[in-house]
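Every chain is named by a letter (A, B and C) in the order it is written, and numbering of its residues begins at 1.
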């Protein structure tokens, strides 16, 4: 009886352990599922707010407009139908609130019961009109022509140059500025962090004595432990004003500020991993070099660094990954302008910062909400790619060094 | 012999080495300097703000006055909740990975997935937590949803540190125990875990430090801008220190007036991290020496 | 005139003494074998001749080691130059993760030689010296890791020869090799004797007997006996030496 109980316990525990072991896998699967379910949803939606239509005069040859065109029309960047391929005629914009310019309150009615007819008549009488109004105000015998609006396309999403998801009447969902902003800031960060990080890892693994190393190591760990929001706060009160006065800028919240803060934050990753790699250089290899009359420094750059180059690369790539995914610090110091950056002294906006800044205001399940999840998908794929690359590098390395 | 004049060559090599080492050590110490600048700046600005009232009182007057009591309590709840979730699962998963599962495709997949999970940016955890815990499971913005989200984030950290702790246990202990007729679980629970325990706890402390400072995952799962009262159940929203710091330093109505509060909050966060790191290092040293003495 | 002289050498790792009062004088163009059980200090002693122990923190040496009459531990001695003069071959083959050519050229490059033609010639003669040329001449640009263990070790010897040392230290150079590779290396040692002074640490009694002219027997950090190899192996003066050589302990 006792052995049976014991056996049962063993099996039970093994099952419990296995279950726990699969939690991470399950989580990743769930993350992918939820992220992509919402994210892909954006491509089933039209960029025009739900429940709204865009209509033109029946004789207007145009049947279809892209969201960018609609936006340019309403921003009055396109003012003539000719540009869109219709006969020359200047465009008359119509929004719902404009109706009182054309009709009296009596005609519209107290509860807007006359509104559908007014709009119908208006679109019929003005050949060059474009009207944006709620779907519920379409008259049964609507005389105008509803424009077809394409669903959001993946290619437009990825290559679009404007991110303005709350724009009326058509949301602009181009992630290019965000992707570029993210890469821009991360690249700057790694350019700052790599020389410092490499120097520190060489110093700690090859030059400093054990005592200094034992002091430095926990300090680097501490650097990794400081919360990102504290880094962001520090950046906000020290680095941002510093940049503003140094470069005499209107605002100090810039890509450069983001790069500096992210660079500091990426340091521990770079240092830990490349120091590890360098310390793994076989002692015999270093001794062989020294025994040939090479100086310590020659041994470092001719033997130790080449030997550990893949570890160093892995550290750098993971550092970039850390920078790309970082949210709060960037959100607090980069100024968050969703435009394609032209210099490091301009405000930029990264993907994580966009999600953090906008998700709170995006209605659940709506176009904007789903677009932010799509951003999350992009971020997920980028970091996954980075992780797999690092894995590949270190595996290949193991294989090579036998 | 075409070799250069011996002395000249030696001098040149020495000079180059001195220059290189000079640059390397300067750069290394500049990193330490950066750390000290950040720490001392926040300590200098925040130390005057922190007193008993600051940590025991509610915020007042649009968070420009008063204390950060509810944020501290909220963070305590979140850290407690997430660790309660992540620690047991993480330790069990690590035991499974290190002691039970055999090398093969299954282990490879789990390992890879744990690595992947560790690499996912915290904001993506936030998105996921919002859509699963807040929306799908209907927890709403709550301590429960926030704790679970943070717990998932901490999971790979716990697993990794526990695995390292288990790996450090010499194999002869296991063989001796098995050899005496102990079962696998008996060996694991009575021999391996007690030996690995200090290192597992060190990992736990470090992940507490990490979780307490995370902001992005709680933005949309629990964090409240301002609550006049403390949470009463796990389905309540809560304030939290890192979010509080973010809010009052960027989007408050009175950013200038609430600056002192921000410095104080930042200092509290730093203190938590410092304590966690010191404790972890202390434990490591203490138990490290103890093992050596045996 | 002796090539290497060791006078009253004591060596410490921290507070523990690893070598006690070692006195040896080695003639040029001879092979000296250092033998003794593990941990007797023979490898530590060998590594004093090119100051390799400098790399270990917390070590101390007293007494004198003279090479060509100069105290190599005197103030102002350039260690890099010393190591150029005193080459070393290690226990396991340890080529760099570079090409075969670059492995041999390494010592020349780090010593400030950049003349391409000179380097090519020196690499070729060095590889020929270790009788490896025919085997590798067509794959000089390939990684040194592609060679077999025995070839790698001969490459490492060539690497040491390229900077033209006058002394070569060998720390159990054949312990990781198969018998055929071992005999090739032993032949090589015999040939190299005409140009270099060789000091070799070995565990292998037969090897010591085969390749060396003089033998030093170490035990627990002390030099027990130092004599002609022939004498040591046939008429050791001290019993402990005899016990070790005949395999009664060790």
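Here is the rule we use: contacts are C-beta pairs under 8 Å (C-beta built on N, C-alpha and C of every residue); 3 or more make two chains touch, one makes a residue touch a chain.
All values reported here derive from a predicted model rather than from experimental measurement.
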Worksheet item: Which chain has its C-alpha centre farthest away from the C-alpha centre of chain A?
Response: C
Worksheet item: Chain with the smallest distance from its CA centroid to the overall CA centroid?
Response: B
Item to complete: Could you grab the centroid distance between chain A and chain B? Build each centroid from C-alpha atoms only and quote it in angstrom.
Response: 24
Item to complete: Could you grab the centroid distance between chain A and chain C? Build each centroid from C-alpha atoms only and quote it in angstrom.
Response: 60
Worksheet item: Per the centroid of Cα atoms for each chain, what is the distance between chain B and chain C, given in Å?
Response: 51
Response to the item:
By the touch definition above, chain C meets two or more other chains at residues 80-81, 111
Response to the item:
Shared-interface residues of chain B (touching two or more other chains) are 13-14
Item to complete: Send over the residues of chain A in touch with two or more other chains.
Response: 295, 298
Discussion item. Quick check: in the complex, which residue numbers of chain A touch chain C?
Written reply: 209-210, 282, 284-285, 287-295, 298, 302-303, 306-307, 401
Worksheet item: What part of chain C is in contact with chain B in the complex they form?
Response: 78, 80-81, 111-113, 115, 118, 164
Discussion item. If we count contacts the way the header does, which residues on chain C are in touch with chain A in the complex?
Written reply: 50, 52, 55, 57, 80-81, 83-84, 87-88, 90-92, 94-98, 106-107, 109-111, 156, 159-160, 163
Discussion item. For the complex, give me every residue of chain B touching chain C.
Written reply: 1-4, 6-7, 9-10, 12-14
Worksheet item: Quick one: in the complex, what on chain B touches chain A?
Response: 13-14, 16-17, 20-21, 23-25, 27-28, 30-32, 34-35, 38, 41-42, 88-90, 92-93, 95-97, 100-101, 109-110, 112-117, 119-128, 130-132, 135-136, 152, 155-156, 159, 183-185, 206, 209-210, 212-216, 219-220, 242-243, 245-246, 249-250, 259, 262, 266, 269-270, 273-274, 276-277, 281
